[in-house]
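Naming follows writing order (A, B and C), and every chain is counted from residue 1.
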Amino acid sequence: MSTREWLLTEQPASRRQARLGQTYRTWLAFTHNRLAMVGLGIVLVLVVVAVLAPWLAPYDPIVGGSLRTERLLAPSWQHLMGTDDQARDILSRIIHGSRITLLVVALVAVIATPIGLLVGTTAGYYGGWVDTVLMRITDIFLAFPRLILALAFVAALGPGIENAIIAIAITSWPPYARLARAETLTIRTADHIDAIRLQGAHSARIIWGHVVPLCLSSVIVRVTLDMAGIILTAAGLGFLGLGAQPPQPEWGAMIAGGRRFILDHWWVATMPGLAIFVVSLGFNFLGDGLRDVLDPKAHK
Amino acid sequence: MTLLAVENLTVTFPSRQGPQSVVRNVSFTLGRERLGIVGESGSGKSQTGRALLGLTPTSGLATADRMEFDGIDLRAASPAQWRKLRGARMSMVMQDPKFSLNPVMTIGRQLAEAARRVASGSADARDRAVAMLEAVQIRDPARVMAAYPHELSGGMGQRAMIAMMLITEPDLLIADEPTSALDVTVQIEVLRILDDLVTSRGMGLIFISHDLQLVSSFCDRVLVMYAGRVVEELRAADLAQAQHPYTRGLMGCLPRIDGDQRPLPTLQRDEAWAR
Amino acid sequence: MPLIDISDLHVRFGPVHAVRGVTLAVNEGEAFGIVGESGSGKSTVLRAICGLAPTSAGTIRIDGQTLTAPRSPAFYRRAQMVFQDPYASLHPRHTVDKVLSEPLAIHGFSDREARVERALNDVGLGQGFRFRYPHQLSGGQRQRVAVARALILEPTILLLDEPTSALDASIQAEVLNLLDRLRSERGLTYVLVSHDLAVVAHMCERLIVMQHGQTVEELTRAELQSHRAAKDYTRNLLAASEGFTRAAP
């Protein structure tokens, strides 16, 4: 029996085989979507670049070359993306900057997704006053424009990439809470939830074991689609000087730095802009593909 | 007189294991009578009904050696011809009226719109709508005309749906489980309406159902389908003398109010039936 | 003393008065049927017994003890329910194994492996089905899993809410036979809700007919089989379930 047959069998013989088979089936469906595969490719490249940054980058991202001879050089074979006003190689800075981008994306996902899921499923499952209180809090967070709220947080906590991440995470969970609550409202009346209730399960077990797994896929899709916006918000904060601080090679801050020479030395601002564009697009493709595979409501 | 003639109707859907035929070589003719199509889920009975109206889902493919409705070759019908036929001369009643009625339009408007195809003016269309609602035993047609679909009970909704399908006075009505969502007492009333229409208007009726007992008590002839094929065709009155083991098994496994057979006989499926 | 004793039960959902004073008593080892059309409140009585619907007035006693809200863990080991729609009553992301072992984990059983294996054999599924997901099962197989789940805590009372009405006739016969066999093997007590008089007549010794949240009448199986119904409503139901009758021309 080939591995493929073992995975796709209708009669799995163990828990592991059942789970792997299910994962493989999802993967098969995912690979049918070409754009999603492109998106996955871009995201994987981002991860690889971030991990291998010190080995991939041809120059030092912080310390530049000779200020007299190597400032603001146009793209060439020595400097594929040119150099900036500090005589630093832009390619090397973008490669190192991918680490910051990945950190932002990963931390926001790790902080905001569980908060959103927990608040949303709890509110939806219990209903009544719990729902009212939790959702009004959510509404308060939703009422502020994200960038303004993040600005306020950063102003209070002080500029820096860590505070920017916290600010973004705090402002991005409310939509996930809304989504999870809406899903929970339809799930909680399902017979299988009644059935587990009749087995004597406590609310915590029902929420974590039965409701959350069903909300998870649509929230993951939403988070993935939001990643582009999160990267842009981080870049925006960097651009405004409230995110990553110089000389850290953050893409938004790099655009801000290149803004002054945009007419004479276009590459300084354009190259990090392209990086943001490609990565955002990659997350959007990936999110679309995940929605086709994971979200049962998107099926024909 | 033959209203509909079908020869070797086959409906095929693509799947991971290659094309799968859900209806295979189904042939029958229909006069102005009640024909029942009976089978369990997955037997292809609903897809047969849909193919007759050219409503096979776009992923599927329906082919036939012959498919003629009143002398019109349905296989070669253009979209324009289908539009003229569907609704006007051939209609379909579905299981759940909620999916077939427009939820944001009153019943009256939907009925009048359908009636416009045959009526001389909007006043005439309205009169026809009221008359049709009365014909399906709705006691208070004015109220129902002004109501939205969600304001009607299941039985009322199904009657409104039937009125909608019949207002154009079709020659052929395909009813796909028209009463399965209804309570038994309402179900009998709805069947009585259909029965009257067949008798008084000379309509042809194809009644698709899983309920062998109901079909045999209502229809003139019955086609029994299994795995996409017609395994037996017989007169409803002769159902007790059915020859095919599937038909007999299906009859035998039903519990009866006055029977006390324990355990109930179960259906032993035979691979050969599907061939 | 009856095992289940319901007196003057009322259930209200906001303005809707779904059950209006139902009284019934079910003896141990008996199968009791509740028949009615949609909206008659028959399922609500069942859901009130297990605490899924609120009791607005009246009492429900099991073994002489009035049930408390919320129900105690001991109650869930005493009574379990099988739902109508086997497609909705199993969690789509849980394997059969998970569905069956979770109640055992909740109630702290130690010999879970053996119990899951036995439960699958008892409902005629076998071990090949243990690690399948619901989408890999047919409707009848799913309903067998639902029965296995209900029985895994070894309850004495099984509440059956239209257990076969979503199934094909041939599958219905198999599930009814399974339920019949399990009852005689284990001495279970059934409360079966159905719109199908024939199913109730086959399964139950006694039954009530419900309409508009009230009891129309109570019958024994013998009375039902010989069509000795006192009320017109029951007689109409009986006539309708015989199929369509054409008036002689």
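By our rule, a contact is a pair of C-beta atoms (placed from the backbone, for glycine too) under 8 Å apart; a residue touches a chain by one contact, two chains touch by 3 or more.
Since the model is a prediction, treat every value here as computed from it, not as a measurement.
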Chain contact graph, described as a line, ring, star, complete graph or other shape: line
Chain whose Cα centroid lies at the greatest distance from that of chain B: A
Euclidean distance of C-alpha centroids - chain B vs chain C, Å: 32
CA centroid of chain A to CA centroid of chain C, Å: 47
Centroid distance [mean C-alpha coordinates] between chain B and chain A, Å: 51
Complex contacts: residues of chain C adjacent to chain B: 37-38, 139, 168-170, 172-174, 176-177, 180-181, 195, 197-199, 201-203, 224-227, 236-238, 240-246
Residues of chain C that touch chain A when the two form their complex: 50-52, 73, 76-77, 80-81, 83-85, 88-93, 95, 97, 102-103, 106-107, 128-129, 131-133, 136, 146, 149, 153
Chain C-touching residues of chain A, taken from the complex the two chains share: 10-15, 17-18, 22, 190-192, 194-201, 205, 209-210, 213-214
Chain B residues touching chain C - in the complex, by the definition given at the top: 40-41, 154, 183-188, 191-192, 195, 210, 212-214, 216-218, 249-250, 253-260, 262-267
